[in-house]
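Input: one structure, supplied below.
Chain IDs A, B, C and D follow the sequence of writing; residue 1 opens each chain.
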Amino acid sequence: MTQGLQAIVDGILIGGVYAIVSSGLSLVFGIMGVVNFAHAEFLMVGMFVAYFAWAILGLDPLIGSLIALVVVFLAGAGLQRTLIRPILKAPPVAQIFLTVGLMFTLENGALLLFGADYRSVVTSYQTESLHLGGIIVSMPYLFAFLMSVISGGLLWAFMRYSRTGRAMRATAQDPMAAKLVGINTDRMHQIAFGLGVGLTAFGGAVILPYLTVYPTVGSQYVVLMFTVVVLGGLGSVAGAVVGGLAVGVIQALSALVFPMQLQNLVLFVVFIAVLALRPSGLLKGASA
Amino acid sequence: MSKSAEDQRSSSLVVSRRTILAGTGAALAMPFIARQGMAAAKDVNVGVVVPLSGANAQFGINSRNAIQLVADEINAAGGIKSLGGAKLNLIIADSTSTPTTAATVAQRMISQNSVVAVLGAFASSLTLAISEVTERRGIPLLTMSFSDVLTERGFKNVFQVVSKGSTLGRAQFDYSVALAKASGETIGKVAIMYEDTAYGTSQAEGLRQAAKAAGIAVVLDEAYPLGVTDATPLINKLRSSGAQLVFPVSYLNDSILIVRTMRQQGLDIPTIGGAAGYVIPDFRKALADLGDGVLSISPANYDQAPELTERFRKRFGYFMVHEAIEHAALTGVLASALENAKSTAPDALRAALLGATFDQGWASVMTGGSVRFDETGHNKNAYPVMVQWQKDELVTVYPPEAAKGKAQWSKRG
Amino acid sequence: MSLSSSLGNAGTPSLRTLPCRPVLLIAAALGMAGLVPLGLDPQGYTLRVLTLTLLFAAMAQSWNIVGGLANQISLGHAGFFGIGAYTSTILLRDLGVSPWLGMIAGMGLAGLAAAILSVPTFRLKGHYFALVTLAFGEVMRVIANSWSSVTGGPVGISVPFAPNSLWMFQYNTVRPYYYVSLIALVLVSVVFWRIKTGALGYRLRAIKENPDAAEVIGIDTYRAKLMAGLVSAVLTAALGTVYAQFSYFFDPDTIFGVASISVRMALIAIVGGVSLTFGPIVGAFFIIPLEEISNAALAGRAAGLSAFVYGALLIAIILVKPQGLLALFGDLYKRLRKESSR
Amino acid sequence: MLTVKNLHAAYDRSEVLHGVSIDVAEGEFVCVIGANTAGKSTLLRCISRLIAKASGEISFQGQDLMALPAHRIPALGIAHVPEGRHIFPAMSVEDNLLSGGYALGRGANLQEPLERIYSLFPRLAQRRTQFAGTLSGGEQQMVALGRALILSPKLLILDEPSHGLAPIVVDELHRKLVEIHREGMSILLVEQNVALTLSVAQRGYVLQSGRIVLEGPAAQLASDDKVREAYLGI
């Protein structure tokens, strides 16, 4: 019983992080219709930014995450303009492979710039945990989860209530009509891409206190992020949240019954089954 | 330069002309490669195939650094004297993380650069793939990969300088039990956690065998996927297993995750790592004080030959990690063998590698102070050591003949 | 003026004889391809690279049946490739069965896997299809990695060493593998071309242009896609056996690799020109040597540089011509003609 | 206020408009009628700059529109209700309406115009929080119209607003248009429903295969024999 409860708690904590990391990917797809295979690399970039903010400026990664968000937002907006915008009307295969090329470039660019060292931060709370009854809640996970919840909430409010958020939703739902009401859809794409990769970088920064950063760290998350996003329904930020929590809990619970080795097998079987039954994800109809 | 190598070179030039005539894309590569091979007429070309990109890049870089250091020293001291002072000319290439590519790269070095031997390729899967090429071309492959299979297939041209994975696993177990006993603790229940890679599984098999032989219960025996994003489920299982010792066999990312998660959950049973992630400077940097006292098995350690390994630290700024030590030893062995063979012909070189005990210069940097290959090509003088993080240094604490410091068993690593 | 106009005129007759030109060209190329290895070191690097190029061209060509003709971007073809490689190698290792027979067994299993996979995927479109197939490849990898008693697990599996033998599909030199790969490429290309120009190709095109309209005029969408999927999977599995026999050793990460197999198969077809018969061939003769050149020229300098340059080149190709290299060559050809006729 | 001169436009390689010229004066209600493929929508899309491949002159109140990107047009006071409505289906009715005021800039007060729309279309007020995609066709057309009107444009462009609507709804819609026009807005209307269109507009153009073949006061067009034969089926 305690074990099951513990697994669910762990699953929710990690799932919240999956959600914020994946919602950026979903945002990019929802608004631009581009499947970005390089997306997980921005998680790596975010971790590096937060790492250097810690190593040079002495900032806790939870604060460094804001720097990561801003820096990667700007970089993403620039990349959108130079690389993504020219292929928005190209066939999907071309988009997929442009982003695959970007993935190679970012991963190996990081290797060239920072070397292959494994870096991680030392925080005061790295081994602390709360004991609630029989349940252990580790502090770094809890902080990462809370940061994710807060930023997820801010993203939701931004998309729902702000003028730019409304314009972004309009662009996603009907680009032509968006132009007709005076929305600069190019600008919206740029913001969406910047925000999408920025959020993922932010997610990377908040998990840095318990993880390690190295150039290929993004590759651990590629398949995971797509699983989350597709489970929730491509393009839906709310879906990414549901998908993230679902993946976290599935992983934690499957470890109780099956060997850890089969964790991803269980996940993918659930993934394929969900898509077979509900081809547009768990949250049908909801949109960015 | 030997006759056969000359032949190959001229044939490769013919080749390039024909392929250009044939108009294939591969022909574009030829001028580059042919020129590389031509650059150093009198040198002995040595192939270095290590991962320089992808997840294993760090280990590939460490290995390359060590090989470069040793080659530079040998060249500075006058090269291979029996070959008229020929210099070691390293042909370095990226194996990537794909065995096919690694094998192709090795093929290229043999065909285009006439390398006399190949060093590499850190990961066992890459080395196995390369060995299929070197064996068919009769070129010696010198490696520090752990895989048991490497020297158990009857291949004549594979030389493995380290203890095999299963030996490491057994030593990891036996040394730990001995250390526990020495501090008055009796071990009844242990846990094994390993990444589901060639390295993890073969070392876990060694641990399992040793536990069986010692009659000690393995209460958790769990493989997990390499590069997990969350170790919590694993540690939950460990906590409820009631093990007195844990043997995690993992690379750095997972090692750090495992140790941190254990500490967060207040679990401080002794942790005895399976080399890899537990014996590199980044481990200690990442965990700071948490890393202090952690034990690990290691196929070699820098405190065994400090006067040599300090040169590495001086040049590159970090202590000489085990894959660097082993690759340095291999380079030293290769140079000595070339010296003895007085020839770069593969047969002569193979004979020279098999015949002798290498205990001079960098060849002596391995545990036991020497290298001697048995008929399968395995270094029978190698044995693993138990090391412990004491402050920022890795100190050899077991077996007694190699120990440079005392094991702190009470300090719960 | 007179010179250029005469050049322009000279071009006209060759246009009239155009229909027979491709056949001649193909025959000449095949003849050349057949002769090339005779001038190369039979164990050498160039021959190995050429062999891999042909093999990857054949793989990309079989991917092209699903990815090009049926317009379903599969990113899980490594699943079928690995089934082929493992089936023949396990049968050879445990029962001594000839890899040629093992190849047929692997093709059967891959066909079965494709049929099963089609159930959850046939209704999925575009990105969803791509992602489910990606998951399929990963599922196969996890199974091969965990089922150690049969597959050898993460340690990998070696093809037992045997003397030269056609029946056991094992050779000490690269040359025979070159010819096997060449024949495989020709066969797969012929299958591709027959499908493309045949009834199935017509149906697939109709589905690609307008799936709803295709249903209305009585095309069984599921059947057409399933057929394409089956043929593609079966051919890919056969090539898996060829690969296993050629490389002698493989492990789950390699044979089921997302980047090294699945994405690369698709990438080669796309870079060359998707759904074109010569696209995968052009793509393979570009990508594989490009990987080699960048590794040979740059890997010794700085870690990651060669892979970085490779990625940047990919980006550049897609930005310059999203339709692929063949279209790019077509543009260049047109421009050259224009300039020479000016 | 709007002048289109010698406009050519093409999709891919085929030219759809071959030198079209029309104009709309301040406060005028102008319609363009023609067959399905005559190029009416293309003409309107050119004015809103949705089609890049166009040449000729388009000016609005002396400003050259050809030099501007699409998203800069609404701020000049031109609102375009596109064919097929193109509302934002997964946004609430109110968000749809508010999005119409985007061109007014960040600080604009949209509350007043919003109330005006609600009083014009009371049905929308009842459904303000509902997703627009869940409304009926007629209601969706109201949303599309309301989204254009919230801008208080000088020129309102409508493309087939009655398409696919029930006759009763169409009548109501046209009454609203007349009402809006009376309050001083210029209107440029494109419709299939020629009879109805000519009954509400003041002046009209007949577009045929990308060329203007006839123009004049609406009443005169409605009584023209060729128009009656070709479009009114009489």
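Basically, a residue touches a chain if its C-beta (ideal position, glycine included) is under 8 Å from a C-beta of that chain, and two chains touch if they have at least 3 such contacts.
No experiment lies behind these values; they were computed from the predicted model shown.
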{"item": "Most centrally placed chain - per-chain CA mean versus overall CA mean", "value": "A"}
{"item": "Reference subunit C; chain at largest CA-centroid distance", "value": "D"}
{"item": "Centre-of-Cα separation between subunit C and subunit B, whole angstrom", "value": "35"}
{"item": "Geometric centre distance via CA averages, subunit D-subunit C, whole Å", "value": "52"}
{"item": "Distance between chain centroids, defined by C-alpha means - subunit A, subunit D (Å)", "value": "42"}
{"item": "For subunit B, residues contacting two or more additional chains", "value": "53-54, 57, 60-61, 196, 223, 225"}
{"item": "Subunit A residues counted as touching two or more neighbouring chains", "value": "108, 111, 115-116, 215, 259, 261, 264"}
{"item": "For subunit C, residues that touch 2 or more chains besides their own", "value": "142, 145-146, 303-304, 307"}
{"item": "Chain-chain contacts as defined at top", "value": "A-B, A-C, A-D, B-C"}
{"item": "Residue ranges of subunit A in contact with subunit D within the complex", "value": "163, 166-167, 169-170, 173-174, 176-185, 285-287"}
{"item": "Parts of subunit C lying in touch with subunit B, wherever the complex brings them together", "value": "32-33, 35-36, 39-41, 43-46, 48-50, 52-53, 142, 145-146, 148, 153-156, 158, 161, 172, 247-251, 253-254, 257, 260, 285-286, 288-293, 295-297, 299-300, 303-304, 306-307"}
{"item": "Of subunit D, residues touching subunit A in the complex", "value": "48, 50, 69-75, 79-80, 82, 86-91, 95, 98-103, 106, 147, 151"}
{"item": "Residue numbers on subunit B that touch subunit C, as the complex places them", "value": "8, 11-12, 14-16, 18-19, 22-26, 28-30, 32-33, 36, 52-54, 57, 60-61, 91-94, 96-101, 103-105, 107-108, 110-112, 124-125, 128-129, 131-132, 136-137, 147, 149, 153-154, 196-198, 200-202, 223, 225"}
{"item": "Subunit A residues within the subunit B interface of the complex", "value": "3, 6-7, 10, 14, 108, 111, 115-120, 122, 126-129, 136, 138-141, 210-212, 214-217, 219-221, 224, 251-252, 255-256, 259-261, 263-264"}
